[in-house]
Each structure stands twice: as C-alpha cells, then as structure tokens.
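Note that the chains take the letters A, B, C, D, E and F in the order they are written out, and that residue 1 is the start of every chain.
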Amino acid sequence: MIYITRRERFNAAHRLFREDYSDEKNLEVFGQCSNPNWHGHNYELFVTVKGTISKETGFLVNLKDLSSIIKEKVIRKIDHKNINLEVDFMQGKYASTENLTVSIFEELKNAVAKLGAELHAVKIYESENNYVEYFG
Amino acid sequence: MIYITRRERFNAAHRLFREDYSDEKNLEVFGQCSNPNWHGHNYELFVTVKGTISKETGFLVNLKDLSSIIKEKVIRKIDHKNINLEVDFMQGKYASTENLTVSIFEELKNAVAKLGAELHAVKIYESENNYVEYFG
Amino acid sequence: MIYITRRERFNAAHRLFREDYSDEKNLEVFGQCSNPNWHGHNYELFVTVKGTISKETGFLVNLKDLSSIIKEKVIRKIDHKNINLEVDFMQGKYASTENLTVSIFEELKNAVAKLGAELHAVKIYESENNYVEYFG
Amino acid sequence: MIYITRRERFNAAHRLFREDYSDEKNLEVFGQCSNPNWHGHNYELFVTVKGTISKETGFLVNLKDLSSIIKEKVIRKIDHKNINLEVDFMQGKYASTENLTVSIFEELKNAVAKLGAELHAVKIYESENNYVEYFG
Amino acid sequence: MIYITRRERFNAAHRLFREDYSDEKNLEVFGQCSNPNWHGHNYELFVTVKGTISKETGFLVNLKDLSSIIKEKVIRKIDHKNINLEVDFMQGKYASTENLTVSIFEELKNAVAKLGAELHAVKIYESENNYVEYFG
Amino acid sequence: MIYITRRERFNAAHRLFREDYSDEKNLEVFGQCSNPNWHGHNYELFVTVKGTISKETGFLVNLKDLSSIIKEKVIRKIDHKNINLEVDFMQGKYASTENLTVSIFEELKNAVAKLGAELHAVKIYESENNYVEYFG
C-alpha cells in the first residue's frame, strides 16, 4: 500500500454564523469570523489517495489525472468564490473548515475510486496555524 | 544604517472592480478577482524600518513597539474585514494589492518616525506566487 | 471523526546532559547539545485533537479555546525560558525533544477533554530537519 | 511509543519511461517526465522511526546516528546522480517517486533496526505539490 | 514607483563542466555538479517588475499577462528539460545559476517593457540554501 | 554585477540585558528576552556577495568556498553556543540581532574579498516574524 498526496490551492470568502443568531450572538460564538461583510483565506488543500503501484507505469495514479479531478470537482467551484453563497456542495452547511473538509472528501471519493485508487484523507490549511483532516 | 523587518498577517475579503463597468467588463479586465460575491486572502505584511542602533539598548527599535503600531494602524482595521467596504484607509480606492501596499505605507510612515526610525518599505504577499513592494 | 491541529511557537534554552557524567562524557554522548552554557531553539508545537463536529456551530472545538489552553498549560511556562531550570513539567527529566513531547501531551490531555474533544497527537519541530510525535 | 523524523535532501536527474515504448507513447503515458534528455528535482526525504525512549539518554535514537545511516545508505548513492543510470537500489525499476519511496524504505529498514528502533515511514516530496509515503 | 513580483517554477536537469576539461578536472572545479550523467533541481524563479500604478485599474501590470510572458519566454522552454542540451537561450553558456539568471533577465526585458513596466530583477533559487539575483 | 546568497543556520542561547540594570529594569526594557536563565533561537543567516561572473567557470564564487568561510568565521563559533558568554566577536556587545548582524558582516568582509567578491549584505532571521539586514 502506497500513499500519494496532491496539493491544490484556492482563495475564497466566507463567514461563520447562524441565521437564527443576532449579529451580537454570532460575534460572541464565532468571533471575528462572523463579520457580516465577509473575510477570506488562501486555502491549501491536500488530497491523499492510497493503493498499489501499477507494474505497467510505476505509478499509483497519474498525478495529472488526480489534479484534474480535484480541479473539476472542487477548485473550479470554490476558487475566488464565496463559500456561503456560491459553492454547491456547501449549501445548507456552516462554512467552517471542518464542514468544508468533510464535504470535499465526499465530493472526491467516487471520482478517485474511478482512477483505481482509494481516497485516504483530505486536509485543509486555513492559515499557517490551523488545519483540519478527515479520513472518511 | 541597519534595517529591521516585522511580519504581521491578516485575512480579508476583497473585490477588484470598477463601479462604472458592467460585471462582464469587470470580468474581462479583472478576471476571477471581480466576483461580485467577493473572495479573500491570507495576506502577509512585511514592514521594514531603518536607522541607527541605540547604544543604550542595542536595538534599532523595540520590536514590540513596532508590532503595536502595525496592529493599531493596520491589522485592527483590516483583519477579518472586507477591504472594499470596511477599511477607512482604502475608501475610494481600488482594492488592488498595489494600492493596499501604498496605503499601508502612508498609514505607518509618521508613526514609525515617532519611534525614532524611518519607514523603508512595505511588502505584501497576496499569495505564495505574488507580492508587491513600495519604498515611498 | 474529524481532526483539527493548532500550531503554537516558543523559544527556549536547553541542555542535554546527565549530572552523573563528566563534561567530556556528556559531549561524547550528547554532542554539541551538551554545551554547559546552554543553547536554544525556536520550537514549533502542533497539537491535534479529534472528535465529532458540533451541529450547533460546525466546529469540533473553538480554536480560540484550544489556543488558550495550549498557551496557559504550555507556552506561558516555557516561552523564553530555560527548559532544564524553569519549566515545572520538565523537572527531573532530560530536556530531549522526545521527553518534551510526551510531557506536553500529558499537560494537555485533561484540558482538551474538558473542551469535548480527545487529544490525538503532539508534534514538536526542534529544527527544520527534526520533529518528534507522540500519540499517547 | 514515540516517533521521530529526520529530513535529508538530495538533487537528482531522472526520466519516466518504458524501454518498450516509443518516445511518442512515453510522452502520452508519462508526459513531460519522459523527456529523453532527462530533467531533475530537489527531493526532500523524511524518514520516521518509532520505539521507546531510552531511560539513559532521553532519546529514541541519536539523530546523528540516524542521519549517518540515511547518508550512507541513500544520500551518498543518489545525491547529484541520475536515478535511472547510477543508483544501485533503483536498477531495473521505473524511476517514479512511488518506486523510489518503497526502495528507500527497503534500503533503510535493517539499518534502523540495528539502532534499536523500527522504521515507521518514508516520505518523499518531489515538488511542493506532490509527495509519496510508504509504511512498509 | 511600485514593485511587483511573480513566482514561477520549473524542474530541469543540468551539468556544470567545461568541454576542454577532463572529468577529473571538472570534478575538482565543479564538484558533484559536474556529474556526466546529469543531476537536476526544482528551480524557483522570481521576476520583479516596477513602474507606476494605473489609475484605470489600480494595477502596475495584470499579473496574468506577466505570468503568460514568463511562461512563454522561459518556462515553456526550460521546464522538464536539460538546460545544457535543450534550452535555446542557454546555448554556448555554462549552465550555472548565475548565467541562467542573467539569460532569463535578457529573455524577459523587452517583453516586460511591452506591458508598460520595467524589468527590475530576476532571482532564482536553486535550492533552499542558494539563490542568485540580477538587476540588469 | 551579479548577487549570490548562501543560507546557513545556527542554534544558540542568548539574553538581552544591561549589567547596570536590575532584573526588574531589564524586564521592563527588554521584556521576556531578558530572562536571566537564558532562552534561544534557531537563527537563519543569509550572506549575499556581489561581483562579476567568471568567464572560466560561470561562477561569481564557488559556493563551497563561500560556505566554508561562513562556517569557519561564524557557524563554528556560534552554533550550539551562548552568544553572550562564548562568542568572541560578540564580546562586550549586547546580544541583539542588530549587533549580531553587524558583527557577522565585519567577521566576513575580508574573507569574502579574498574570494574575489564583495560582501553585499548579511541578513539574520531570529524568528519567522523578525529579521535584520545590514549592508555595511
């Protein structure tokens, strides 16, 4: 079993808040991240897949194919977008990094399987001090 | 003459656009950065000051004082904010990294002089691939 | 199960040595790290906690709370200190990164549990070329 | 059980190709990496070993010993070399990062055991966007 | 006057040697870098341009245009190539980072001028420990 | 004129204080950095030299020679040492990064000249947030 990880990046705006909370209550629970006028991040996305090495190519998967899948399923939809308003796979969810990580895992799972590998982990850096990981 | 640089960070939303352009024209000129629903970045801000070393302390400036000035004049106003809508020193300007860099230089210039040093440069990383510098 | 990691940093002095060894013997076993006049590092501390996402907030834990715990239990005691002489949770132990990592895990374990998460791992970078991990 | 990781680096040339493929077929399968005139990388190698902390030294292993083993078994043979033509442990294998990672794991396994630790993982960064891990 | 820098990356093989030297003499003068079977690097290229901010766009130059020029004039020719054998602007020159930096500056100078800016500097990282800068 | 920079690293302990101040006064002026039991850092040292490219080698200087000089004149004396107590070129000076940068510049100036280049700058990172530069 071998593991290979591809990094992609996206920039996006978001806001952490509950619609049923007042702005004051949102500020209390979510802090600065609840700013009604949005803020944003340079997100780093690490996608790890696992499987066996092909005897024909020496590859687990072709990284170009893995990169294409991540771009089609995730980056195209979220880069330079507003996560709360514009990203289909985040509709109806709080735009926390935890929810984002789980949702991206679900977006990628089947497409990775079609490459002949298994999705092992999705990891997202929101800042140099914080990251979230999900293993399914 | 010695130079000392302090890094601070902020996360913010912004949009590149002209009000007198249509969304289509904005998209043509500013690309994805003109998304009407905003996007955002983790900005890294490098402030370089210059001067002579104090014989009393061995310092050019006390870095805590320099950091405090940057936080009061810049970070407090821009971190977790919308650059177009909420930042006083960016009012009436396009929210490009170029304009942001010049504006932060102007914000800091006099306050640095009061510390007994001269503001040499402001440098802003918008992403790992792009940065802007201004020397006054 | 979701995993979230917070990075904090501290700068400290230390020395690797045994009191029952001569300086020569310490130099032989511990190398330059046994210098009787101390040396030091910029340590990077990564604390990983795991658990389930709150339906109320979309968070595993509030990162501000996690950061506060790390600062109170670890950073406040060790930053700009001498690990051998001044850090209560390192008393009577060799100041190796291995022992430091285990000790910080033990310091944080119960406090993380009170946040409603489980401490998964502590990882310490002593230099860009070396790091230690402990999973309890 | 404690885990310690040592990073070493090497620069090397390589080519991804099958001898039984034409240059055109190699280009189709392996892309730019099949260039007959070679290309190269700055590889970063992370070697993780695990075991128990020595009561005598506070160490899992002496990092100088671990570094020496990696240099003797791997770096000396591959740094500033052509992976396809000159590296004994890669003879007869495609020079993919996957195969390189597995081969380095096999090179190091017994030597690490002699230090009194167990080889846990080998991880190789081929670029800032791609890395491969193998756990045996 | 404002300065903006764009980073691009390329991977390439090269060899430092003089044809009129023996392999032994090349080894003595150029060290491991003279390996006749080549070695390679992940190069990081930083291109800095300077000029005035456009009142129409708030930009010095459109970074997409700058990136396109760098890709057309440099990256397309050198990425995944052998610098000694395949790169037109390096023909007849030793493949040192110094010569590479000067040559890329010359490649880019006129094209940057057509964007309405002036080429200020080219900087190349050959490894995390070495970089070369040229200002024309 | 071409510029080449070499990075070297060292780990050291230090303390910022004046002997004629009380511990309280030192704490007030120098903050945590005045801890009488020392603290320490992983310092990163960047040495930039300038000159013309040799027609014989394509080099400005041989980086191995530059690295050897830095190691002999600086790293050997300061790595894993106490800057206040053990470093000859810091005797009688406050151990601030400013003074350290100037002193290392003076240590290296003549030795770089003997290589046939001119010392342009010394830059020291004390942490990821602070660095000092000196140009002579």
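Basically, a residue touches a chain if its C-beta (ideal position, glycine included) is under 8 Å from a C-beta of that chain, and two chains touch if they have at least 3 such contacts.
This one's a predicted model, so the numbers in the text were calculated from it and none came from an experiment.
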Co-neighbours of chain F and chain C - touch as defined: none
Same-residue or different-residue interface between chain E and chain F, half as cut-off: different
Rigid-body rotation angle, chain F and chain B, from Cα fit (steps of 5°): 120
Chain located farthest away, centre of chain B as origin (C-alpha): D
Chain whose mean Cα position lies farthest from chain C: E
Chain A and chain C: spacing of chain centres that average the CA atoms, whole Å: 29
Distance between the centres, which are taken as Cα means, of chain C and chain B, whole angstrom: 34
Chain E: positions in contact with at least two other chains: 128
Category of the chain touch graph - line, ring, star, complete, other: other
Pairwise chain contacts, counting only pairs that touch as defined: A-B, A-C, A-D, B-E, B-F, C-D, C-F, D-E, E-F
Parts of chain B lying in touch with chain F, wherever the complex brings them together: 1-8, 48, 53, 56-60, 63-64
Chain C contact footprint on chain F (complex, rising order): 9, 11-14, 32-33, 35, 37-42, 79-82, 85-86, 127-128
Chain B residues touching chain E - in the complex, by the definition given at the top: 16, 29-31, 93-99, 101-102, 128-135
